[in-house]
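Worksheet: the structure to be examined is printed underneath.
Labels run A, B and C following the written order; every chain starts at residue 1.
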């Protein structure tokens, strides 16, 4: 199988010449997975700027209540609700998912399995187009009469179902439609990723020769696919409640507001693993490369990931301990929730164990990958407090929850993105990024990050509840010390935002004037490093590669080189 | 943690303390090991990495042993949490007094039984945003909503319960000290969510009787 | 010029044709969507025995007729697949057109049925039962229509002898649409 497959495969030798749209049109009509990846990446990064701006505005309001925020103005209570709602929605659906899954999945999967594209390039393009429409719809919802939707990203009815209650009737339906379209885009994209990984692998690439980042993105896609269905059904019902006046969630008409919560969280909990898994995949691949070591427990990691995915379907009601569910059920969900922390801890332990015996180089991508582990651990352990139902009685809807999920989401969406971006930038753009600027950006992000959210943990422990635009009405939350903590968090955010300018500067200067990267600047094993940087249309115009070994054969005792590319014959 | 002013606040805080100790141990152990490994195995010229397949026992035991010990810690946490949860949410001790708490956009209405200590009688005392209770008495609260989801939250008691329109949910508390403290709405309920602040006035028996008398006279 | 397929599309590391894999994954996601909706309906129905009064008014005969129409159309889809397997694109296209005819019949009958029910006052907002009735059947009908459109495109290609492997794929999708109806029919028309 290994030797014959290339000869019998039809490779279009004109691939690099005139395939695909040319000139400006290629940015609109291209079906090349690398172009689509860029589209998702830039759209996601643009949305991150918007989501970050929203955080800036509401954190300024919280630190200096009543202030006219520079670049926004005074924040009314309704605007505050819209800001927190859309910040959360944007960061999860229009930043984390498109960047970690769609952008890096699109760029990496065909390259890492030795294919020339995804198996359905036109559906791939369609999925981006639907995604783009969803993003535009979401942004448009911010400017309609009544302002942006203000019912929180969780959109619990009756508040979200009735315009008179939320006072953002038009935006509430646009927001919902935007989320639904985003789901459709990712269902389509997911089908592409899954079937491509299953079927389009290079000759010789067995299942256990697939790089873990590809596995993780595909398992995440499967998890998404199998969990989002009930929420799509629930969203259809909510949309009908909003627009034609059905009563699915209206108790006065036999409906049940708690039904929405179950449908939402049945998806909502697996969703956090949908974004976590790609970040873990990115981290482990980078750790392997920069410690020059085989992953410790590839199969263990794979099976643990599947176990996490399966378990994730049985924990959802830990978001609803206080919601009025049968109190007996809370005990069941607490047990499953605490249990799921075990395989996740295992995944982190495997990555940490990979460091053992390594030869660790602390280049910028490795710093980000290591920071992911150190910071995510905080997020993970603070989840235990929330999973224990007895403690959640106090912590539910406080800033403790908020700090917990930022200590998980920020490592996933931001640290994970910077890790992947700095690692694969040379391959995507053909130039090296400046490592010194990279390290400045790294420390200027990580240190302030902790100064934002540790104060928020403290405030949460002190009883500060969520989604409040001004704590002046709560004497127990208006002490000087509490205001100082809010200010520390806000100033840290400003510092962190300022350091992102270093990143943008580095991107532009490196792209323009950076050192040429060559094919394999990191001396890594996986297939994407065996072609040009950036790869041409068709990826390997002279012939798709064959695979002879696994992806992590670093420092093999029989070799002098400390790496062994997958496509090198024995 | 903030002041403990209910019979179960201390239990909840102790559960949190238990978790802090157990979780804190594992957290520092993992982070410590992590940073030590980065330092110990930093790249040195001429030193090659080890080639480990992934089932070497001397490394595997660092995964399997913690695995097992964490599960044991989880058992302790589960036992503690079930006890607390059962006490606060599953059982309802016999009430000395029953009150009704009604959330709406954007205020809390509290219905106190009057001098007859019976709810839904003509001498009931209705207040907006001011809840008066007596220390050392077991209260049941009947929680309702007139419109959207709200959540009745008293941090010094550590209690929190969502209010759902169309349902009356019963919870309980017994205050252990006097004073005036925040009552919050802990579920986003619209534009006025941030002004839906109330105060609980925990009074000793004399103060409470005086308040009832004064309020009944005023009615 | 037809879209030039990448080599990736023609590979099959698992031995299963890629298109078939894709359709099965699509169906998996659709099963969870309809499963969620019907699960919610079941929970509500069990908690609201009075919905039986509303359910009295669905027309079981029309429902049964539409069931027959869909089952027949699944049969013609099978015949289309068999023709495609033989390489006979023209016959496959003919049977696909019959299947589309079944879809159109289904949708037209449903329009008439809904027209009758709406004029009688059984609208989507009448009560919880009718809300679910129109939502579930409506979501299903949207899948029927979308499927019919895609089927038309595939029939045109098949008539020209192109992409015959897609006849099987749209057939699989069609059977799924049929199966969803097989669940809807008893839930909405028979359980009274």
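Here is the rule we use: a residue touches a chain if its C-beta (ideal position, glycine included) is under 8 Å from a C-beta of that chain, and two chains touch if they have at least 3 such contacts.
Keep in mind it's a predicted model, so treat the numbers as computed, not measured.
Asker: Once you draw an edge for every pair of touching chains, what topology comes out, line, ring, star, complete or other?
Answerer: Topology of the interface graph: linear, an open chain of contacts.
Asker: Can you check which chain pair, A-B or A-C, has more C-beta pairs in contact?
Answerer: The greater number of contacts lies at A-B.
Asker: Report, in whole Å, the distance between the mean C-alpha point of chain B and the mean C-alpha point of chain C.
Answerer: Distance between chain centres: 48 Å.
Asker: Distance between chain A and chain C based on Cα centroids, please, to the nearest Å.
Answerer: Those two chain centres are 34 Å apart.
Asker: Any chance you could list the residues of chain B touching two or more other chains?
Answerer: none
Asker: Which residues of chain A touch chain C once you look at their complex with the stated criterion?
Answerer: Residue list for chain A touching chain C: 9-12, 19, 31, 110, 115-122, 187, 190-192, 194-196, 198-201, 205, 225-234, 236-237, 240, 244-248, 253-256, 259, 263, 266, 538, 544.
Asker: Inside the complex, what are the residues of chain C that reach chain A?
Answerer: My answer: residues 3-4, 6-14, 16, 18, 21-22, 25-26, 28-37, 39-40, 43-44, 48, 124-125, 127-128, 131, 135, 139.
Asker: How about chain B: which of its residues touch chain A in the complex?
Answerer: So the residues of chain B touching chain A come out as 1-2, 11-12, 15-16, 19, 23-24, 26-27, 30-31, 33-35, 37-38, 41-44, 47-55, 59-60, 62-63, 66-67, 70-71, 74, 77-78, 80-85, 88-90, 105, 147-149, 151, 153, 155-156, 158-162, 164-167, 169, 181-182, 184-195, 197, 199.
Asker: Under the touch definition given earlier, write down the residues of chain A that touch chain B in their complex.
Answerer: The contact residues of chain A facing chain B are 77-78, 80-81, 150-152, 156-159, 162, 165-167, 251-252, 257-258, 291-300, 322-324, 327-328, 330-331, 334-335, 338-339, 341-342, 345-346, 348-350, 352-353, 355-362, 370, 373-374, 377-378, 381, 384-385, 388-391, 393-394, 396-398, 461-463, 465-470, 473-477, 554-557, 562.
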